[in-house]
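Below, chain A partners chain B and then partners chain C, in two separate complexes.
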Partner chain A sequence: MRASVETKRQVWAILAVALVVLGVSLGMQSAYYQLVLTQVLLWAVLSLAWNILSGYSGYFSFGHAVFWGLGAYTVALGVIYLDLPPWLGIPLGGVIGGIAGAVIGYPTFRLRGHYFALAMLAYPLATLYVFQWLGYQEISLPMKRQAPVLYMQFADPRAYVVLALGLLVIALAISLRVENSRFGMALLAIKQNEPAAEAAGIDTWRWKMRAIMLSGALAGMAGGLYAVVLLVVTPESVFGMLVSAQPLILALFGGVGSLWGPVIGAAVLVPLAEGLNGELGDVLPGIQGVVYGVAIIAIILCAPEGVYWRLRDRFTKPRPAGIASAEPAPSMPLSATAPAARLEESGELLVLRDIRISFGGLRALDGIDLIVREGSLHGIIGPNGAGKTTLFNVVNGFLTPDKGRISFGGASLAGLRPNQVCRRGIGRTFQVVRAFPRMSVLENVIVGAFVGARDHVTAERMARTALDRVGLADRAAAIAGGLTTRELRLMELARALAPLPRLLLLDETLAGLGHEDLAGILGVIRQVREEGVTVLIIEHTMQAMVQLVGEFSVLDHGRLIAGGRPEDVVRDRRVIEAYLGRRWMDRVAETAA
Partner chain B sequence: MKKGPTRREFGSGLALAGAMGLGFRPALAQTKEVRVAMIAPLSGPWARQGQLMRMGADMAIEEINQKGGVRALGGAKMVLVVADAGDSTEKAKNAAQRLLAQDPDLVGGTGAWLSSFTLAVTEVTERAQLPMLTLSYSDLITGRGFKYVFQTSPTAGHQAAETLPTALKLAESATGKRPKTVGILMDNTASPTSFAKPLREGGLEKLGLKLVVDQVFTPPLSDATPLIEKVRTARPDFLLLLLSAMPDNKLVLEKLDEFKLSKGRLPLVGNGSPLGTPELKDTIGADLLEGLLFSVADWPFKGDEEIVERFKKRTGEPWMTQDGITAYGDMWILKEAAERAGAADRAKVTEALRALDLTSGPVALSFPGPVRFDENGRRVDVPMIFAQWQNGVPVTVFPPELALARPYWIKEA
Partner chain C sequence: MELPPFLAEFLQALAAGVTVGGAYALMCIGLGIIFGSMRVINFAQGDFLMLGMYVAFYLTTGYGILSFLGPYGGPIVAAFLAGPVVFAAGWLVHRFIVSRVTGAGVAASEGAGAYGQIIVTLGLSLILQNGGLILFGSTPTAIRTPLSRSSWEIGPILLNQARVVSFLVAVALVVAVYLFLARTRAGKSLRAAADNSTAAIYMGIDVDRAHRIAWSLGVGITAVAGGLLAGSQSFQPYVGFDFVIVMYAGVVLGGLGSILGAFWGGLLIGVVQQMSTLVLPYQLQNTAIFVVFLLIIFLRPQGLFGQITERT
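Entry: the complex of A and B
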């Protein structure tokens, strides 16, 4: 449904590029140009493979040479020792690349940001030494005069162009498919805010693993074909630093996280460097490296996000966020989708028993017992540092309590990860709004809706309904980065509501809002509750809460010090002391006396 | 947006065509020229070696043309076309493919210094049936059944097999005694590994040598002390040093000096021309290198003095190394082959190369032993040359008929 016009356009663009490359190849006589063209295509495939992991998910890999090299060695050793034709060797290289992705991803995804990037750097360098140690310092694919076609040893260099082009089309098709599925959306969400993605029900671990395996498989296949083209494989030439840097540079130049960025990068930089080297290599040796350096600097200065994004901004009219402008959301009556309204409170929905967690010497939660009844609007208040957000983090799985039990609807939540807790029907918002700033409002909410949806169409429908519920339907197309605080709060609320949770955890949703905005949001929260969703809300300002909730729990220094109806709680001595201090308490006592 | 994709494709297509257009150069096909190629690393970590090759080749071309060019072709001038093999096998292969595309009249060439580059380059030249000479050692180069590769250096396998027997002969002739024990100190990179493998697998035993200390490390070395301590304790009759990186060489030689094992007190034997470069002297110092012996495929020897003098004068280099003398000789080989072929034609030049048997003239002065090739393109009957650092210069000391100085094996302090 979404962007199907755009997808079709991209499919045509891929076919058109393929035809152009074929045409160029047929028209070129020189075997040298064919060789360079083949290399352009192969490096583009590697860069696309890199882009699937690093471009979409934001996990930068400085080590894609490891997949490329394993593919190359698979093919080369296969031909030498097993007489394995590259027709089988290249797919096998893909399989090995995928396995390597899993083996590498498993430990390395424990790291984030720079640590991930640097850890990735280590893999090809370590593998390089392994292959040296194994004695494969220089291997050469033997000339197969008897069965050249079986061993991909074509006299006509155009055959290699066609093969590399085939790989490129596969890589583009896979990238396109990833982009337009929940896979791509999950990766984009991870890139922009991983904890939010996890809390919105995305199994970040699984998607990241899938991405690195897919990326490794594509890179492995490209490396395998590279071995066939180059015929000589050395550890340095396939596991070296330059190989790892190449896909990164090409994608950065062309546009990270875009379908065409890596292709543009390869089409410009590879022939440019080679052409300059050919023309000036005997006069100005090393000019290739200078070109790369200059290209990177120029890109950083003129188009920091890459050529593709720059061109797109230039040649596309600034449409309101691209996606949702097409049709207005089908406005559904709320009662049709929301669970049957149950205003009266019934059984125990969320039960916390003796929850304890400490950070070093600090007891953040010190024996919390809490019952949230189904259908209630339950507030937790407490001064800053009382442990409110920690409590939420324990409930939705970001933190594991040292002790205690949590059950939700009768089932234990022990050991579940945030995305699994979300799937059980607990949505949450954050104290500081965790939006996906580069996505539209609708996309932000779709990410949340995927938990409860089988496909993109359903997810979009659920997202639109949720936006409707919070009254943000008219802003569906806006980019999240440009929203006001109120809109951001509502969007986050919609994201949490989209998969139709039974319980909603709201973390200081009212913080930082003006008087009018506050009234609006309070209205939305009440309405949500009236539709049957149980709401547990954190606040540290008493005033707003008194208007809103039916039941209070007061948290101080990791303990629940009071609970009950708002009007009783605000008179509780311990509450006043916690908020205003003992001296104030004493003064109250004096006055009373 | 409608035009978006087409524009982009068009743009990248243009960039592709444009960049390739840069590489386009009309071939200067003239009958009065014999065009030969040199593909060597002129940039990257091996740039210096490529430059030395180029100096040697340029000098030969100049001499050939001054002396009247290729006489059999009516005094046709020889023209050298140079391409940068860069720092990767991919670039080396591209360079070869580019030369062949741009210069269809090439009759032969030389290159590409590093074995893996040569392997990649010859995959291209073999298919284009262009005869290539090379100084690279790898056995694989002439072990693939190729018909258009000619290896002017003895192969790595041959060098590994000949280095120790020759060293023993040298020791015996210098001291009258045959060494009984040996130590090996090496890194685990490609060439030391393949060099030492046959020695450990029975090669030493056959020579009656006992391996008393055997140390292998992964470069770069941070501290040579534990290695050298073991060497001092075992105290072999001589030490085989197989190191590929300059900093490791420096560390090891400094440490040997510290342990009073340098300057000929413990005979040191190595392999390969990198042990005889001016840069090595600049970095390590003549003092520490004194006495170091190394076997090498080619080194200026008795009879070459004039060539070396000309080279030094032309280039300002302190002495001539393998890279220069071999590239110089390669040009003369191609000239002789063209002379015999009687045509600037690849096939005929290749045939002439196969039939070559030169024992005098500039070619014979450039390479030890007669210049003739077997069916695989390997030279036959090549003596193993030894050079030794003496007073800050590596000079050929063995075999005696080629020596420019007398070798010494051991010097007691």
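Entry: the complex of A and C
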């Protein structure tokens, strides 16, 4: 199991931190310090919740206050109107936070980048005004003297520290679990390159929805406990801009996308802000905001990746990751994993009928009919802008054709999203290699292998097999960002091969390679095909393709203008014209005459 | 002529929306210039607007420096002067802070670089708000002029004079900014840097400098809008928040990167805000803006004037 040693260490670290917090809390006399400590813990939970969505998946949320506030109001209104004990109210706040996550995520995940972030900004602020309008300007939790424990009304403030600590441990455990599962890997893949993740068979939509629901639920529970601790809830204090900014600032300060970053951020900044407010708040109102602002700007200018990553880089040598030190892959005989070699071409595997798609006025694909036979090595060539990549995007589901049918192995691909197409057995590579640059080569390939694997162990085994097949096994531990073009192409090939697809779409895999690298990759592609995988490859250079493929289709201006065996196609008038232009043809004709 | 009450209310809200929308349009253009050219989400934009309000306030009611210009000219000149003052402040902020996390290399990516930008502008926002609290105090203030208390009557409609004047001034300034961007060399290099910062570098345009101009100009223009609004509404150091959403909604409505779009977007947001009072309770005025904002983002994320350019 990958990184199990690492996981155990993290579990011990969580327990150690919990014990330290308990010790500190027991040792402190002042109720005020206990309150500050409780707030540190609660903000750390919110920050971890934010981190699960935004840190891992890269979808920045400026609106986590909406979950926090809904949790807080659930608990407060529950106590006031339903006599609902917070012991039930807080989990209910979590449920409502999770539902809010689904309701918000469903429309909002159609957006990316800045648009997603801006849309998230609007939810809590809109909710704020609604709660003002509903008349919940300032609600206080009533004292329940007859059953204080049931209503979490403890005389000893340390009880709140314990409760908040419990929530923090839950949040840390969930984060750790997410980090070390395919969930976390899917989110990281989405963050680094969403289209590639989708094409590698990751159901990006489902993972994003899970992330926002989990994140909303955690934030809702933390907000609920916050209401119990502070006893007063106002729309500004729970839905306000500062609440949304807080987890962002804490996580960015501590280190985004790490387990401990949000905790470090909360542990440093929350006491700092509270302390300044307590010491100087009367003399200089707002001084804590100024210092807070200066502090976070300073940290960004000096350690932009956050405290955690900076410290880790400083104190740990670049030790070979667990992956590298693992025993060499149990290299399986290829025949056990790959379908039996079927050299002779048989039935029709991929059939395109009258595919049309236009962008505005441009007819990118204008009635494509194409048959790719099972077991063949089929090439599509065409000049730049002929529509080659568009054709692939239509086949693997990035684009929906305006018209036409696509069937694969006899079943229609209509309406399938890329990850579903991938699951049907179509792997693809990209013209510009879409790697996950901060993952290792092995991890990159594991992401692809997850489609065909039940668990991490199987996925890793399949990934190693795929790396063996392309001859990249010795680079498994390298970080993808530092690979050469040849290695990147091979890695992408391995990622597409890992789930054992029936059809492989290769988009200009040969482009930009030197002579020797080219020969190597051609060998790998032939090998793959001999192992029984049908290959459809796009190129715009003729030369390498003639050596490689058994059948050619020539694409020009969105139409297939010729097809057949390579030696016939290169003599075709229309092909020469498309490549060299009509004038050239005329001159050839003149010379011949 | 007697209008039915509903129609009269409708026209009144429309007029109020358009007049307040002029200043909104101006501040949206300020944000639009920054977002369009730098692709930075500037959370501090509303706080620069607040600075503009206070600059105008201290030049008139506060210290009375401009009182010799009379109760009519003073506030307008003060609003204009808020521009260069905040422009200078913005220049320094960009030179020493913002430029370290933005620039040609960072602008192109939405990945790692964006974190730094967001947190830096959040930090600036905190400093400006709370610094404002220390310097200016938390009591709401306003520039009281005879204009803000009187109105013109056109049929059944009352037009607040301060708002009408600010509308006219805002529109004049919008035209000036538009001409600057379209005609001058600095404006053109700014647009080039916005369009494709890498290509602009190859064309010999100093992108960092273009960004600095865009940033300073953007906050300066927004500050003028703030100065104009200061004559017709009260404010305190936290007022910037109220306008952040107005600005982003306007800019997104018009289409990111389009100056003309930002103008119409801001104007429309003003109208939506005022018209919503016809059907919604007063407290939900801003909720209406959010709803419009979300609707635009979902239905037409490229805005009214923008274009989508995305490739798989």
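Just so we're on the same page, the second predicted complex is superposed on the first by the 590 of 593 C-alpha atoms of A that agree within 3 Å, B and C clash if a C-alpha of one lies under 4 Å from a C-alpha of the other, contacts with A are read in each partner's own complex, and residues count from 1 in each chain.
Note that a residue touches a chain if its C-beta (ideal position, glycine included) is under 8 Å from a C-beta of that chain, and two chains touch if they have at least 3 such contacts.
Keep in mind that what you see is a predicted model, and the values were worked out from it rather than measured.
S.K.: Based on the superposition on chain A, does the combination of chain B and chain C result in a clash or a fit?
M.R.: clash
S.K.: If we overlay the two complexes on their shared chain A, which of chain B and chain C does A:Ala173 touch? Say first, second, both or neither.
M.R.: A:Ala173: touches no partner chain.
S.K.: So in the superposed three-chain picture, is A:Ala267 touching just chain B, just chain C, both, or none of them (first/second/both/neither)?
M.R.: In the superposed model, A:Ala267 contacts chain B only, not chain C.
S.K.: So, does A:Gly286 touch the first partner chain B, the second partner chain C, both, or neither?
M.R.: both
S.K.: Between chain B (first) and chain C (second), which, if any, makes contact with A:Val36: first, second, both or neither?
M.R.: first
S.K.: Just chain B (first), just chain C (second), both, or neither: which does A:Val11 touch?
M.R.: A:Val11 sits against neither chain B nor chain C.
S.K.: In the superposed arrangement, does A:Val256 touch chain B (first), chain C (second), both or neither?
M.R.: Only chain C is touched by A:Val256; chain B is not.
S.K.: Given the superposition on chain A, which partner contacts more residues in chain A: chain B or chain C?
M.R.: Between chain B and chain C, the winner on chain A residue contacts is B.
S.K.: Quick one: is A:Val294 in contact with chain B, with chain C, with both, or with neither? Answer first, second, both or neither.
M.R.: The second partner, chain C, only.
S.K.: Looking at the overlay, what does A:Ala147 touch: chain B (first), chain C (second), both, or neither?
M.R.: neither
S.K.: So in the superposed three-chain picture, is A:Leu311 touching just chain B, just chain C, both, or none of them (first/second/both/neither)?
M.R.: first
S.K.: Identify the residues of chain A that lie in both the chain B contact region and the chain C contact region.
M.R.: 129, 132-133, 285-289
S.K.: Help me check something: in the complex, which residues belonging to chain B touch chain A?
M.R.: Per the touch definition, chain B meets chain A at residues 1, 3-9, 11-13, 15-17, 19-23, 25, 42-44, 47, 50, 82-84, 86-91, 93-95, 97-98, 100-102, 115-116, 119-120, 123, 126-127, 138, 140, 144-146, 188-190, 193-194, 218.
S.K.: Quick one: which bits of chain C touch chain A in the complex? Just the residue numbers, please.
M.R.: 39, 41, 43, 97, 100-101, 110-112, 114-116, 118-120, 122-127, 129-134, 138, 237, 241, 244-245, 248, 252, 256, 281, 283-287, 290-291, 293-294, 297-298, 301, 312
S.K.: What residues of chain A sit close enough to touch chain B in their complex?
M.R.: Within the complex, chain A contacts chain B at residues 9-10, 12-13, 16-17, 20, 24, 30-33, 35-37, 39-40, 129, 132-133, 135, 137-138, 140, 142-143, 155, 230-232, 234, 236-237, 240, 242, 260, 263-264, 267-268, 271-272, 274-279, 281-282, 285-289, 308, 311-312, 315-317.
S.K.: If we count contacts the way the header does, which residues on chain A are in touch with chain C in the complex?
M.R.: 58, 60, 107, 110-111, 113-115, 117-119, 121-123, 125-126, 129-130, 132-133, 195, 241, 245, 248-249, 252-253, 256, 284-290, 292-297, 300-301, 304-305, 393, 398-399
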